[in-house]
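Each of the two complexes below includes chain A, the first together with chain B, the second together with chain C.
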Partner chain A sequence: MEMLFNASVWAAAVRVATPLLLAAFGCLLCDKAGITNLAIDGFITVGCFICVAVTDQCGGNVWLGMLGAVAGTALYSAIFGLAVVRFRANHIIASIAMNLLSGGLTTFLMAAVFNTQGLYRLSNIQKLPLFHLDFLDGIPLVNAFLNNQSYVVLLTIALIFVMRFLLRRTEYGLKVTALGQSEGAAKSAGISPARIRWSVVLLSGAFCGLAGAYLSTTILSEFSEGMVAGRGFTAYTAVVFGGSNPIGVALVTLLFGFADAIGIRVELLGTGIPSSIISMLPYVLALVVLTISSVSTKLRQDGRFHLRPLSVGSHNLS
Partner chain B sequence: MKNSLWAKRIRGAGKAVGRQVAMMLVAIVIVMIFLAVSGYDPAAVLQGLGRAFTRDLAGTIRWATPLILAGVAVCIPFKAEVFNLGVDGQIYLGAIASTWIALALPETTGRLGLLPVFLAGAAAGALFALIPALMKVYFGTDMVVTTLLLNFVGQLLTEFMAAEVMRDPEKITQMNASRTLPEALWMPKLGAFGASSASVGIYLAVIVALIAAFLFFKTTLGYEIKLVGTNQQFARYGGMKPNGIILKVMALSGAVAGVIGAMEVTAVQHKLIAAFNPDIGFDGIVVALLANNNPLGVILSGFFFGALKNGGSIMQRVTSVPQIVTEIIMAIIILTISADVGFKFIRRRKERKTHGNAV
Partner chain C sequence: MPSAIELLHITKRYPGVIANDDVSIRIGQGEIHGLIGENGAGKSTIMSILYGMVKPDEGTIKIFGQECEISSPMDAIRRGIGMVHQHFMLMPDETVLRNIILGRTPRRGLSIDETRAAREITEIMDRYSLKVDLGAKISQISVGEKQRVEILKALYRQVKILILDEPTAVLTPAETDGLLNIMRRLREQGCTIVFITHKLKEVLAVTDRVTIMRKGVVTGAGETSEMNVRRLSELIVGREVATEVPMKPFSPGEKVLELREVRTAPRPGRMPLHDVFLSVRRGEIVGVAGVEGNGQSDLAEAIAGMIPLEAGSVRLCGREIGRDSIRRRRQKGIGHVPEDRLKTGVSKSCTISENLILNRYYTPPYSKRGVFSHAKISRFSEELCKSFLVKTPDATYPLSTLSGGNMQKVVFAREFESSPELLIAAQPTRGVDIGAIEYIHGKLGELRDEGRGILLISAELDEILALSDRIVVMYEGELVGQFLRGEADEYEIGEYMLGAKRREVRDEE
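The block that comes next holds the complex of A and B.
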């Protein structure tokens, strides 16, 4: 029980939640504009790889690595944009292709650039300094959230409110939302659907690039095959749950981070629970969260809840 | 009359085959350019593929078997516009159940024991596929995400079963594996290839594809699936229940996926190993897409991708080109098909020709 209030568990939860939330921002923007972007999983992988590769080539400079990852992944996401916006491909199928391509490409390039298989560890990395303010030490939760965290964490927390403002108060945000709700209406209001769609896809690439960079050079200092481990799908779950509210999305990612941190703690304590069961926890939690969110949506629509099949027409088949 | 119908059918089939071959060739050429740019020998791809069709045909058949089945597993729900992205998880569950039954059966059953083993695999796969389907029908949960997430659950569950519950207590070196199946329950090898990994399972895969084709083209259920996939409102107006169709296609798809699990266990691994499945379910999506969701086409495209997968591993053995380029080829094929690039381009050129150069 004392685990729940342990400051180090909370700090770890924030660290795990940060890349999830960054990726979720990208996914949220796409979702608002009517694009189902599951390719974020692959984008994070590419972000991880570019950041490690650039950092390695630039003598361990992580700043350059992060910059490269953001720009490079945004550029890479243009392939998805080309398929989805230009050629109107099915979003889900194009996403799967992108995830396949991302896995294949990074593994191939790892062999071509680093001459290794499976894992490349950065040996010359100069880790970024961590944020620390002495007067925050005394405040329990704030201390765990902010102190001794990377500046990326601070940026991400700030971005929660920036995103909320962007979506609700700016012209761009309203255009994105309008497009997602009705393409025809948006068009007749003089909004160019293609331009908005391109912008959200490229932004999602940039966000995922930063998420990957944080994952590969701040939490770890390596690139390995399968290191993303479906984080993009969990991020998507957070978007489904949080709806249009970035604060809601952030809370769900924090929940996932917390589950992960508790899992690591339980494993370290040596309770005898097999690691495979512990690693299952975030995925099962994501499924539970999804179920709760769809039940609550149903409640909102019907006024009360009955366990009976939805009448078709109120939902799509996929 | 009949003559022209057959001519039409043959022309249609020819077009379908031509489309598949053309897509493969385009993707392979792109990857060869890519290889040449990165300083590898681009001819390695052709060398690998060539051997996959000649000397190492057995390896191609070994991979074609699960890929054809995976293509069928994906194309049944696709036809109803339902996305089952959880085939991999269902494969794992099928493997767990069939290994369990195979190890529990008394020795005396012999070859006949394969029947309950495969049935157990199919049942487990179907039940695991019904979880997201029921969540969809009762709660309206997005099935794309639930099926994707259940893949990880299935994979970790296999790891748990292989490493903890069913672990072979006598083997200390290989931690994450169950006891070996009794030899009577090994899928018989294809005699023509001697000691290879090609088994008679390929016949089963082709039969399953033919059954799926019969289901699609000759039964009421197949008609309903197609109608729900093309126009849900109209299907409901015609008295069909789309919710029931979701449950049916997912159960069928999961059952076929479970058969893949049973096949991998009985024909290739002969025991339950953690992470034995190299994302066959996702490859199934490419197989089904290339075949345009036609189970008969799946036989052909499954064979193509079997050759590609086998060719990739030959390539890695013989040359220095990493096997992973086959995954890139697949991704390019899906992207091209989903974007429909080739066809739009051709159509536009045709239009331009008929309208003169007015554009």
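The block that comes next holds the complex of A and C.
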């Protein structure tokens, strides 16, 4: 119970949540524009790889690595855009194909570029400085959230509000929303669906590139096969559960991060609970969350046939 | 009068069909111009061409005397053309305001200036007395209000020409009158309106001139004052149309269907039934009038067995069927033409003959011990297609090759062929053209004259009035009024439909 108030648990939770949230931003934008983007998992993998490769080639400069990852992954996401926007392929199939391609491509390139298999450690990395403001030390939760975190974390927190502003208050956000809710409305208002859809796909690539970069050069200093470990799918879950609200999505990723951080502590404490059970927690949580949200969506839409509502309210009004 | 729109010799070919064949239409400035014709006559195609959504193969378009090319809705909007589509183009989870400004957003810095937008729209609303709550979400407002939002969208873009594509199809009589008034006000302000419809009464009530189309060509045009219903329907269908359904004098027999205190459980998005008493006798057509979404769907589905009853009883020919499965009910003599043809009436990917045996495929002679006899099925379906005038070269074609009217004929053929004691006909003529409506109405009349009971549910009040021996009105899941043929006109019934009037309906004895 005291873990709830433990600063280091929260700091760890934020670190876990950051890449999830970045990927979720990309997914959220696509979702708003009517594209189911599950390819973000593969995008993160590619982001990880590009960041490690560029950092390695540029003498350990992580800034350049990150920049490369953002630009490179956005470029890479154009393949998904080509399939989904240009050729109107099924979103799920295209996503699966992208994820398979991402895994295969990075394995192949690892052999080609680093001459190795499975794992490549960055030996020459110059880790980025961490953010620290002395006066925040005294404020418990803020301290855990911000101090001694990467600047990427700060940027991500700022992005929560930028995203909210973008979606709720700008013309671009309105156009994106229109595409998702009624393509007809967008078209008849003279909006070009393809242009908006391309933009959200490329942005999702950029976000995932940053997520991958953070994962491979800030949390770790390596690229390994399978290091993304389904984070893209977890991010998608956060988007579904968080609704269309970036703040909601952020809270859900924080919840996932918290479950993960607690899992590690429980394991270290030696409670006898197998570690595999504990590392399962976020995924069980994801499953529960998805089930609840899909059932509630079903009930909100017209529940045809024998689908009875769970609660039978009083309708005896007259 | 100078022309607002001149469409000259427009031709549009699709593989296998000519949607528009050398179509020329002239629409004068400041007039309300009716464009009428059956489904598939090419009205929508020619208007889509005008709105830049379809590219014509040949022909020229002149707007206000100026020849121009319209290659996208953006071009059309820029030239002052606005279109209110038959299916509303609105974002359900956004506010009315945000829907109106989509595509023409006033900005302050990076963000949308909603205050300025609200001021501008309020001005327009005042000028045309069109009132809508700008802060409400689209999903919360009524169909009539949604339509006003669509019109406001066009006015906000300062259109001079407004195309209304079948705008009254979804409205109640009172709402329709309101819309016709709005159209007259827009005309006073100098707006040119193209009014696409297949309801002749409205054409005669509001338009200045009309153009009639059939099978891709213009079959007539002229001043509305020189037209009447008979002449218009001849031009539309290409032959004389029976306006009245021939039926024997009303002589009802014993009760076929009896509902007592029927309730259904509330479900999201649906209006449940609340203590409904209703009966249908042999040789009687009972029409259920009401604004859509007032429990008609639950009524049909509760009788057909698609949703469970929460309380009450449903009797068919005196025997309780309230707990029977759908199949048991059908075997006992219920036929059901469902309201949503594509969702619950047919299977689009199956063949026509498969659709025709959907309610009896498991019985001999169509199948024996679980194996189909294709020879018998195809003989049976060829015969049905012939006798129900389904236009198809072959019953083995996929159902999706049929038009809406012909699909509905397939549903009717299937349900009639099982000679039901009671036929539930929900929205039987929705989306079908005048020729098919005439045919379906005639069939319903025949079934009644054979001594079957018919429960007719329709959002078209004209249809209810034309066919029903008895009319009940549904409002918020209850029956609030009952009339025998000729006891009330559409305005009186309209007041009950809107809940302004009500009286207890138990059961007629």
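Criterion: the second predicted complex is superposed on the first by the 293 of 318 C-alpha atoms of A that agree within 3 Å, B and C clash if a C-alpha of one lies under 4 Å from a C-alpha of the other, contacts with A are read in each partner's own complex, and residues count from 1 in each chain.
The working rule: contacts are C-beta pairs under 8 Å (C-beta built on N, C-alpha and C of every residue); 3 or more make two chains touch, one makes a residue touch a chain.
Note that the coordinates shown come from a computational prediction; the quantities given were computed from them, not determined experimentally.
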First, second, both or neither for A:L105, with chain B first and chain C second: first
First, second, both or neither for A:A185, with chain B first and chain C second: second
Touching partner for A:V162 - first (chain B), second (chain C), both, neither: neither
Contacts of A:K175 with chain B and chain C, given as first, second, both or neither: second
Which superposed partner A:A83 touches (first chain B, second chain C, both, neither): first
Of chain B and chain C, the chain that contacts the larger number of chain A residues: B
Chain B versus chain C as contact partner of A:P274, first or second or both or neither: first
Overlap of the chain B and chain C footprints on chain A, listed as residue numbers: 307-309, 312-313, 315, 318
Chain C residues within the chain A interface of the complex: 53, 72-74, 77, 83, 85, 87, 89-94, 98-99, 101-105, 107, 110-112, 153, 265-270, 272, 274, 306-308, 310, 477-478
Footprint of chain B on chain A - complex, ascending: 36, 38, 79, 82-83, 86-90, 92-94, 96-98, 100-101, 103-105, 107-109, 111-112, 117, 229-230, 233-234, 236-237, 240, 274, 276-277, 279-280, 283-284, 286-287, 290-291, 294-295, 297-298, 307-310, 312-315, 317-318
Chain A to chain C touching residues, read off their complex: 165, 169-171, 174-175, 177-178, 181-182, 184-191, 299-309, 312-313, 315-316, 318
Chain B residues within the chain A interface of the complex: 38-40, 80-83, 85, 135-146, 148-153, 156-157, 159-160, 163-164, 228-229, 232-233, 236, 242-243, 246, 282, 285, 289, 322, 324-328, 330-332, 334-335, 337-341, 344
